[in-house]
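Below you will find the structure I want to go over with you.
Order as written gives the chain letters A, B, C, D and E; numbering starts at 1 within each chain.
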Amino acid sequence: MAQVKIDNVIKRYGSLQVMHGVNVDINDGEFVVLVGPSGCGKSTLLRMLAGLEEISDGTISIGERVVNDVPPKERDIAMVFQSYALYPHKTVYDNIGFPLKMAKRPQDEIDRKVTGAADILDLTKYLKRYPKELSGGQRQRVAMGRAIVRDPQVFLFDEPLSNLDAKLRVTMRVEIKELHQRLGTTIVYVTHDQIEAMTMADKIVVMRDGRVEQIGAPLDLYDNPANIFVAGFIGSPSMNFVHGQIVNEGGVRQFRSDNGLMLPLPDTSAPDGTKVTYGIRPEHITIADHGVPLRVVVVEPTGSETQVFAKHGTDFIDAMVKDRFKAAPNSEVRFAIDPANVHLFDRETEQRL
Amino acid sequence: MNTVFKLAASALALSFAAGMANADDAFWKEAAAPYQGVTLRGVTESSPPSLYIREVLAPQFEELTGIRVDIETTSWDQMFDKAIKDMEAGTGIYDMVYIEQDIVYSYLARDFLTDTTQLLADNPALKAPTYDEGNFTTFADYFRGENGHLYGIPMEAFIKIYLYRTDLFEDPEIQASFKEKTGRDLAPATTHAEYTEIAKFFYEYGQENDLQLWGATVQGHTGHPASWYEYVETVAPTFGIYNWGIDADNNYAATVANGGEMNSDTAKEALQWWLDLRQYAAPESNQSTWTEVGTTFGAGRAAQGLVYGENAGWIAADDTKSLVVGKVGVALPPLADGVMAEVEGGEGYIGYYDGGAFGLPSTSKNKEAAALFLEYIGQNEVQPDWAVAAPRVTNTATYDDPKVQDMNEELGGYYDMLRDKGYLFAGAPAYPFHAQLREAMAPTFYSILTGDSSVSDGLDKMAEIAEATLTELGYRK
Amino acid sequence: MQSNRLGWILLAPTLAILFFFGVLPFIYVVYVSFHQWNPFAADPTMIFNGADNFRKIVFDAEFLNSVGVTVLFVLFAVISELVVGYILAQAFMKEFPGKAIFRTIHTLPLIMAPIIVGSVWKLMMTPSIGIIPHYLNEWFGITVNIGTSPVAAFATIIIMDIWHWTPLVTLTLIAALVSLPPDPFEQAQIDGANKRQIFFHITVPMIAPAVVATVFIRLMDALRTVDEVWMLTGGGPGSATRFVGVHIFKEVFPKTNYGYGSTISVIVLYLTIVACWLLYVTMLAPRSKKD
Amino acid sequence: MKKNNPIIAIVFWSLVSFLTLFPIYWLFVISVKPAVQLFSTPDVILSDPYWGNYAKVWGDRLLRSYMVNSLVISTGNALLCTILGFFACYALSRFKMAGKESLFFWTITNRMAPPAVFLLPLFLLMTQVYAVGDFRLLDTRIGMILVYCTFNLPFAIWTLRPTLDGIPKELDEAAYVDGASSWKVITEIVFPLCRPGLAVTLILTWVFAWNEYLLAATLTNFNARTLTTGLSEYVTTTGTEWGIMATISVFTLIPALIVFGLVQKHIVAGLTFGAVKG
Amino acid sequence: MSNHDNTPLSSAHHEEEDTPAVSSPKAGFLPIETNWFDRLFISVVIWVALSLLWFRFIEPMGLSIWISNAIALALAVLIISKG
């Protein structure tokens, strides 16, 4: 077990720079999730950590050791691939035991560890099968088993759940989390799914276009997104954004959208006339008589909650309300917004004000 | 003869033939009248005489008679295979097949061939005034059946002769050096010992002067029957071992024990002499067939050699292929004591009289038309140009033609030798099983050549195999 | 859905052609193999002689020798082609300038007719005159004579075969390597396998189907090799390169030994099919069946 | 991971290419040497080429007709084998026919037959059995096209099977749902998807047919002779005309080179012997 | 690993999808899957091999080839029915 330090890492492919000075510190035993849209560089970063990609500049250290030039097998890591990367010609037993066999461990130790891992992952029945004779979840667990037996300092997961169906994904999420709690090993986990990130991580690293946008605990990111990107990325359904400016109408500072929609403004030091982007999460909107009037577009009940899409001109806002709610399309609805939950962003820099 | 030369010659011949257009034309036109629309098909080896037929005689014939003649020319082994398959299966693809002198006995034994004498006798309308069996040299006798009738029209005939380099043999410095070394005058060898001595001398001469020159040619391919033929047709007879050492009259005996000679001491001596010659021969000799022997000699890499007559022509005369044009002399092969007397006395022969004929398969569907074409190529009139384009003589009259006489000069007297000494040579023995027996013995023979088996053991084994094979084939009882 | 009838209709022309031009001749050959038949024997007809040809063949030293040299040839040639082909295929996996041109050049021998290949190599290898023996002798003092040295002749044929057929192996291996998923290789790196271990544990098993399929084709073709050898050595020196194809050729062409020649062919075909069948059922069929 | 040095690769490949090209170069050298120079000390560098052989070969009407025969036969055979092989592989990969794996293997065995001994039965069949009236298959182009199937059709099936297996069955099913007939599915959906495999099969069967010698030499006489059989006409007891043979060889190389060049880029994509699936 | 307990993860028993069926073990004694045609082929192969070996080694000792044929036939029956 070890801490991982990613220091000002840069990646170039020829003249094309795809990673622009990434810094991440990962503490011992921490579950860190790298999240971002596809192409943001999160997988590349993970592969650099694994030693599968060359580091163009900067350093990566695992424990006390700078591993830039250390080949993957000496980094004391284990990795679970999106495709699971099971060896199709080897049985489950041989797949799980492969790293140990490569390390030339005695047979009895291999045996003990493989059966141990199989017990944990409930694979004991399938040890003699080949990967193609397993279901998706089982294959996934074989891949994890192969990681577990190595007893590494760091686990690397590269979108391990993306090939599973929705229900199974929830189960496996719990399983990985439980595994982490049991083993206490540092885990670096890559996903594009912010729910996975929110539910599993101790610490989330949000990336975009080869840059780190924000690092923090899940709820930190939720409560205090550093910019529009993070705000929009974290949370589901995602945050509403309305473009407009701060106006002062009769001494009341308010937000007026480009379409003329007036919304309540939180405390802010920004002067009147500042062009801002107004952000409010759907779950922070309630329906009340005194709210902002809008026209209903669609109402989507999910049972426990109801999502209401409404618009004013070209400004769309949706709300997630606890109560059952019915309304005909195009009827009027009033959204109440607590200014305390509103996030304001600079329209130019997209940074939080 | 390269193709261009041949084609030029053929164009010449065509115009010549046209100019000579004579009374016989009427015969051909009339005789061919019933066969208009027929296409004759023949298969032959793509040797120069055959190519001459394909390129010159066949078109001439077609022009004269309106009968189209297609000649398929291919390699030696393919030709046999195709002709045999056709005749065996009775498909009637071919109206003419090439008959090599040594396979005629096989064909006759199987009744593959039409009796042309009989055919012409039965159809007097087909008999050309210019065609006469009496025109042929004695070589035609090889293609006669037991009834004395002709089963093939001879189209090529050669003898395997002793070629030597006149420029070397007549060089005074070399003569002096030879005299100094051996104590005798340098002249074409008449005995085997002399032949070896000359080979050794020129081998050393080549080495000392850093020349690409060796003492003799040896047709010693270690995986091709050419080497077997050089031994049985050329070397063994000069030691007095005839007909492969097999006694056909004595139940085809091959071993000494049964009355044959294949593994006799003389046979072993002959083979040993020939094998020893290889040390003075050019390095490629163990990959040489009749083809490469010619090429080796033509490239000036050998001072003397036993070379097939069909190659003598281009070696002596064709400067697009040969570096020794005008430097070639011919002689009789070296002989062991008493052999010449024996041969003169009518027993045996001193070398190979080789050649072939065009036969008419029994399975042909156009026998009459084919007979016309065979007569056409057998006429004296077409021979001289043919002999010039592809040195071969099958009609006695051909020797006297001025063009052939000129050619004779160029070839160092080869035609004279063919005419005057031809009787000393003979075709292959009258066995119907040449290829069968040869291939059965070949692996053992090759093992002698590679040194895996000694001459004595090898010949003993070959003689046994020969008898066993002949028993299996049903000839030896 | 589709009925099996359509399947059989689609297969029918293939099966018909193979039946009329492959199976019927084979049946005829089997029929002849139980006969003594040489059109130039004293009795030129086909005579049924039971299993006598088969009795003869098991003691036929020439035939057994030809089987031996053929097996040796096929082993040497196919294994060398695999090794060389694999090295070249791996070398093609990297990017370098002019790769496309080099690859095209490398595949050129494939398009040459065996009979031409045999001729060219014969001319290059003719003792003393051929360019290879000539310069080997002139530069290194090595004498190579395929007319006297069985080893030289055998080696020449193998080198010629490698030259001629490695490109096919290279191409199939490139195709196999290109289609490999990268993940297992990266996984193996992380799992601590070194290059050698990756090669034997991951690469080899994963390209094994392609390798076996290639070996299969090469095996079939190498066993039938005739033209090149016929041109180059004619089976010599002695019987050093008299492969079964050449042996059969000599038996049925000059010797016109149709009966016994058929027997040899039947046995050769038998041995080939058994070898290929074993290879097929053990290496290839299980994979294709389970997918 | 590792930086590879292009210089090393280029040097390595130049060496390999030299070894590959040398015999082909030598073939060319022989074709432009007058016969008289062939059997003397060889020179590596070509000087003063002699084009007489080319003039002869080009001017030979027989060789020109052989060239046409070769083109017709090998192209016809390659097309036939590729199309029939495609149908056969489609059947083998899509239908659950009893014993189809055995069938697959047994079609391949046709390629294993040592050719020499099959010539006699083929000759007999083609002259006496496969004959109608005056027409017989022997010495016809169509006959050679069919005979070459014995070794090329197995090869086509062998090469195309993985390609067909690699195309998901769902595509066929989707097309059926969209209302396509079996024939349309095969010709419009599956066939175009197999293009790389078909291209490789076409080119390799073409090359095999183009280069075949023994069957052509035996089973043709006048009308269907191919270029390779033309070669044998220059191996004679009175001298092998190496120069002419080499020239013909160069001529046989050119069409093969063109055909090969056209599909170079498909070759790797299409050669999927035993491709691994996930 | 030894310091962790090996009880299955709490979620592991949530078996979700169907595990694909593994091909059923073959019925016969031959080490590979076969159909009747394969077994006939194997029998023929054995018959030929046995005959050839018999010709070479046993027949010279005086035992007739028919014994070999009988053995091969018996083997064939066994293989085709039970393989």
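By our rule, a contact is a pair of C-beta atoms (placed from the backbone, for glycine too) under 8 Å apart; a residue touches a chain by one contact, two chains touch by 3 or more.
A quick map from chain label to UniProt name: D = Carbohydrate ABC transporter permease.
Since the model is a prediction, treat every value here as computed from it, not as a measurement.
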Original post:
By label order, what chains touch chain B and chain D together?
Top reply: C
**OP:** Could you compare the number of C-beta pairs in contact for D-E with that for B-C and name the larger?
**Re:** B-C
**OP:** Using mean Cα positions as chain centres, tell me which chain lies farthest from chain A.
**Re:** B
Original post:
Taking each chain's centre as the mean position of its Cα atoms, how many Å separate chain B from chain C?
Top reply: 38
Subject >> For chain A paired with chain B, centre-to-centre distance based on mean C-alpha positions, whole Å >> reply: 92
**OP:** Take the average of all CA coordinates in chain A, do the same for chain E, and state the distance between these two points in whole angstrom.
**Re:** 53
Subject >> Rounded Å distance, chain C centre to chain E centre (Cα mean) >> reply: 29
Original post:
Of all residues in chain E, which are in touch with two or more distinct other chains?
Top reply: 38, 41
Original post:
Can you list the chain D residues in contact with two or more other chains?
Top reply: 38-41, 119-120, 124, 232, 276, 278
Original post:
chain A: which residues touch two or more other chains?
Top reply: 52, 88, 132
Subject >> In the complex, chain A residues that touch chain C >> reply: 47, 50-52, 71-75, 77-79, 81-90, 98-99, 102-103, 132, 146, 150, 156
**OP:** Using the touch definition up top, name the residues of chain D that touch chain C in the complex.
**Re:** 4, 6, 9-10, 12-13, 16-17, 19-21, 23-24, 26-27, 30, 38-42, 44, 84-85, 87-88, 90-92, 94-97, 101, 103, 105, 107-122, 124-125, 130, 146-147, 149-150, 153-155, 157-158, 161-162, 165, 173, 176, 182, 186, 207, 210-214, 228, 231-232, 242, 245-246, 249, 252-253, 256-257, 260-261, 264, 267-278
**OP:** State the interface residues of chain C toward chain D in the complex, per the touch definition above.
**Re:** 1-2, 4, 6-8, 10-11, 13-15, 17-18, 20-22, 24-26, 28-29, 32, 88, 91, 94-98, 100, 102-117, 119-121, 123-124, 129-131, 134-135, 163, 171-172, 174-176, 178-181, 206-214, 216-217, 220-221, 223-224, 226-227, 244-245, 248-249, 252-253, 258, 261-262, 264-265, 268-269, 272-273, 276-277, 280, 284-285, 287-289, 291
Original post:
What part of chain E is in contact with chain A in the complex they form?
Top reply: 1-2, 4-20, 22
Subject >> Partner chain E, residues of chain A touching it in the complex >> reply: 112-113, 116-117, 119-122, 126, 129, 132-138, 141, 148-149, 151, 165, 167-168, 171-172, 174-175, 178-179, 182-183
